[in-house]
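You will see two complexes here that share chain A, one where it goes with chain B and one where it goes with chain C.
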Partner chain A sequence: MNLVTDCLLPPPQGALLLAVIDWHAALFLLFALVACGAAVMVVLTDNVVRMALHLVLSLGATAGLFFLAGAEFVGSMQLMIYVGGTLVLLVFGVMLTAQTKLVALQTPPGDRVIAGILAAALLAVLVQSAVSIEPWRRPGRAEVQPPSATPLGMALVGVRVDSPAAESESRRRSGYLLPFEIVSVHLLVVLVGAAYLARAKRRRTPRPIDVVASADPPPPPQPGEPERREATSVLVGSGR
Partner chain B sequence: MILAATGTIGVTHYLVVGAIMFTAGVVCMAVKRNALGVLMGIELVLNGANINFVAFGSSYLAGEGRPPLGLDGEVMALFVILLAAAEAAVALAITLNFYNNHGTVDVDRADDLRG
Partner chain C sequence: MADFLINTVGLPAWLAWSVTAGVAAFLILNVIAGGALVFIWAERKIAARIQDRLGPTRTGGRFGWLQSLADGIKLLAKEDLMPEGADTLLFRLAPYVSFCASFAAFIAMPFAFDVVGQRLNVGVFFVIAVLGLEVFGVILAGYASASKWSLFGAMREAAQVVSYEVPLGMCVVVPVMLAGSMDLVTIGEKQAGWISNWYVFHDPFTFVIFWVYFTCAVASVNRAPFDLAEAESELVAGFHTEYSGLRWSFFFMAEYGSMFLVSGLAAVLFLGGWNGPIPIAELAGWSDGSAATAPYAVRLLGCANLLLKATAGVLLMMWIRWTLPRLRIDQVMTTCLKYCTPIAAVMFAGVMLWQLFLPGGLVPGTRRGAISVREGWLENQAVEPLPPPAEEVSVSNSSGRQLAGVAD
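Now for the complex of A and B:
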């Protein structure tokens, strides 16, 4: 008996209660604790490498939560894109910018106190609104269909097959072909832009052949430029 | 113990997990001085929202009747994941550029445009 039917069975009597010890709830608790604990550790750690590690844990446990909620495709995409792609990108960023003084940038303690107060207020509001709605507390008894990515894929190309056929044409939910196209073009533009932004800088010093060809001494540099460069180097060297 | 107190898992439990991750991400964005730490906070915020989307779209968690979002929740979560990947790529490129120009990733030092 798989996990999904376990959690949807009516509450059994007596010894059967132990046999069907709510694996859904147990696994949910495991994944939720890992996700929340790792998320809090991301905040509390100052070392950026450990923050990346905790973020991996948190996002992976989130994928587990998606699987438990019956969103298999989203969960696998979370694992592939987030844990596999975005975090590798972040870890590369950490490696490329890792210097001993930058790995652990300390946060002032006053900022921590203010952030803690604000976080407690925000969390109280969010949890209060989550708990206060009565129908959200009841578990579902919806009919269980075998997991399939077909409705999702059909919705992405514009055809909804998940709404009941009895519904009128006006109430039927629409597909997602246009957002799908927009997102795909957006991804293309963003990746080209990222490659452009992160490209290797070209040197500004004139090549020797240009100096020889011009047969003149190179023109004096613009008055504003050398000072700015010196100021930058001083700023970097001082290391506040 | 907690299970006995809360009963069967419903949408509320997912919302609480999403709220904790969202709050952690907001604090991470506000507190971290490393630009990559701010990026990680953004990822946490997007994930907290994603948990809510999936929870509202799940037919296993909703009460009687159809789930409030249905398949729309899953599609929204997919779009959020894709846009987060794009955002991470651009933000990382900006961070690398900032590092190349200034030799640091401390966001407090990015004050060249201060008026």
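Now for the complex of A and C:
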């Protein structure tokens, strides 16, 4: 066994390249480069589907950064929400722009200027905040314990197990249940709205009997009924 | 293993880690590729038996053992065609995207206690998230082929997978809730012991939800009766109409890989993981009941257990495929939105109530570790009268710090 290890071990002076490289930093650089490069490619591409591919690459590399930092929960979230979300975006993008053959997504020059200004402002803020934080301290290997998402999950159901005892009892008890519920209700509203917008819109030619019926004085309507009828007529009108 | 290499063999750290990673990747790759070979052969034989014929009989002896291998060689030798109007880059990339997603999900998939590529604290979530990426390869393939059959197939697949993720996620949450952890290793370990400890037999609700999970899993890996993306009676071959040769086989390997993965996930989440129906190792005295100190032979037994269960799941999927007719797209959506999702939601509430009122099971004291699982909750209850700070620090376990560190 010694023979094998002696062959494999690098000589002390001319250390082997593999052993010298700080793999953490190298992987960080790799993921960061992929993320940034793909992000630039998103801007430079004209084709919707390729844009989506680059966006997925960029977001996936960001997830890789999170995994590298040991934040598996955030990384998985990134994969699930952003990458999966891009997927849905792509599907809808293709569906909505299918008339123009998808090939050229031309941006007007005015939009380019506005987008450039916005991006520059955002970049300035990000760079400023990135350089203003203290240097990161890397924990030694002994310090790192296996991370757990349990406190987060407990906090989401309203029990804080992570805050120190020095804080008051009420602080310790306050979880994220209320924000979580508010966000859920918002999302539910969005879902219902999306289902409403995406439902099958049939052109309804009024039958003679309906015309006759509408000529009659309508019965006292339920509250909310006139709005609904109005909305339906608008959608039917704009449908085809 | 890396520690073993560093401490016992004396390799330098970088080499030890590389070797460990290489071995794990090699094993996972072979589970997928070798598994696909075996499963394709099995599928042919099963399909043949169900349809009252013989299936492959000549290549490699009486049972046609080598048929898949011969097919593999044929696929390697096939010409790699690309349609005229195809998007070259995306067309070439798509099979690998699908395959990589299927492959990457295996990283967090445990085969026995601690026999896992990388033990993730959020293993279930990771597997589901990565598995959802497989559809991206299919969509790319459908788009890049410049064929309307492919695009139709891809669109159907996208709609189907996105819809079925909802009930699938709801079903997966149930074992997570019972075990109090998203770590697949922990979930599997919580079901150790007799068959009654398996989560599928935990209560009536979990029994129902297991079948809902299985339905959604079949749909999310695109198998019949949910294989609308490649409905060969309508869409030629769906999203892989234009593919041939090796690229086509990558799609197939991805499909069989994900079938095996969701079956394995079903085994870990509901069917006791690597624990057999009878705790043989404990009864024979090979281990004292704690998996961490058990000898490696016991883990090997567990590995065999899990592979057996996952294979049974795959065979069940094949049985379903050759028994049920394909659904229409509206029927698929109806199944998902009108049946699977409400059933999953009701069962989810049912499991919650069961845990609330009957946490020890119908016969108290028979269930092992039913109380101790919710560590955060219990610790929180235990520190009710505001304990001294030192104890509290130990309660706020590492992850709080970890998360805070990430937030920084």
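The rule is simple: the second predicted complex is superposed on the first by the 129 of 240 C-alpha atoms of A that agree within 3 Å, B and C clash if a C-alpha of one lies under 4 Å from a C-alpha of the other, contacts with A are read in each partner's own complex, and residues count from 1 in each chain.
Here is the rule we go by: a contact is a pair of C-beta atoms (placed from the backbone, for glycine too) under 8 Å apart; a residue touches a chain by one contact, two chains touch by 3 or more.
Every value quoted in this text rests on a predicted model; they were computed, and no experiment measured them.
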item	value
First, second, both or neither for A:Leu30, with chain B first and chain C second	neither
Between chain B and chain C, more extensive residue contact with chain A	B
First (chain B), second (chain C), both or neither touched by A:Leu57	neither
Partner chain(s) touched by A:Pro151 [first = chain B, second = chain C, both, neither]	both
Which superposed partner A:Ala119 touches (first chain B, second chain C, both, neither)	first
Partner chain in contact with A:Leu90 - chain B first, chain C second, else both or neither	both
First, second, both or neither for A:Leu187, with chain B first and chain C second	first
Contacts of A:Pro179 with chain B and chain C, given as first, second, both or neither	first
Which of chain B and chain C A:Ser76 touches, first, second, both or neither	second
On chain A, the residue positions that both chain B and chain C contact, one per complex	8, 66, 69-71, 73-74, 77, 90, 94, 133, 136, 151-152, 162-163
Chain C contact footprint on chain A (complex, rising order)	1, 5, 8-10, 18-19, 23, 47, 49-50, 53, 56, 66, 69-77, 79-80, 83-84, 87-88, 90-91, 94-95, 133, 136, 145-154, 159, 161-166, 169
Complex contact set, residues of chain A against chain B	4, 7-8, 22, 24-26, 28-29, 32, 35-36, 39-40, 42-43, 48, 51-52, 55, 58-59, 62, 65-66, 68-71, 73-74, 77-78, 81-82, 85-86, 89-90, 92-94, 96-97, 102, 105-107, 111-112, 115-116, 118-119, 122-123, 126-127, 129-131, 133, 135-144, 151-152, 155-156, 160, 162-163, 173, 176, 179, 183, 186-187, 190-191, 193-195, 197-198, 201, 232, 235-236, 240
Of chain C, residues touching chain A in the complex	9-12, 14-15, 18, 87, 89-90, 93, 119-122, 125-126, 128-130, 132-133, 135-136, 139-140, 143-144, 155, 158-159, 162, 165, 180-182, 375-377, 379-380, 383, 386-389, 392-393, 395-400, 402-403, 406, 408
Residues of chain B touching chain A in the complex	2-3, 7-28, 30-34, 36-37, 39-41, 43-44, 47, 50-51, 54-55, 57-67, 70-75, 77-79, 81-90, 92-97, 99-106, 109
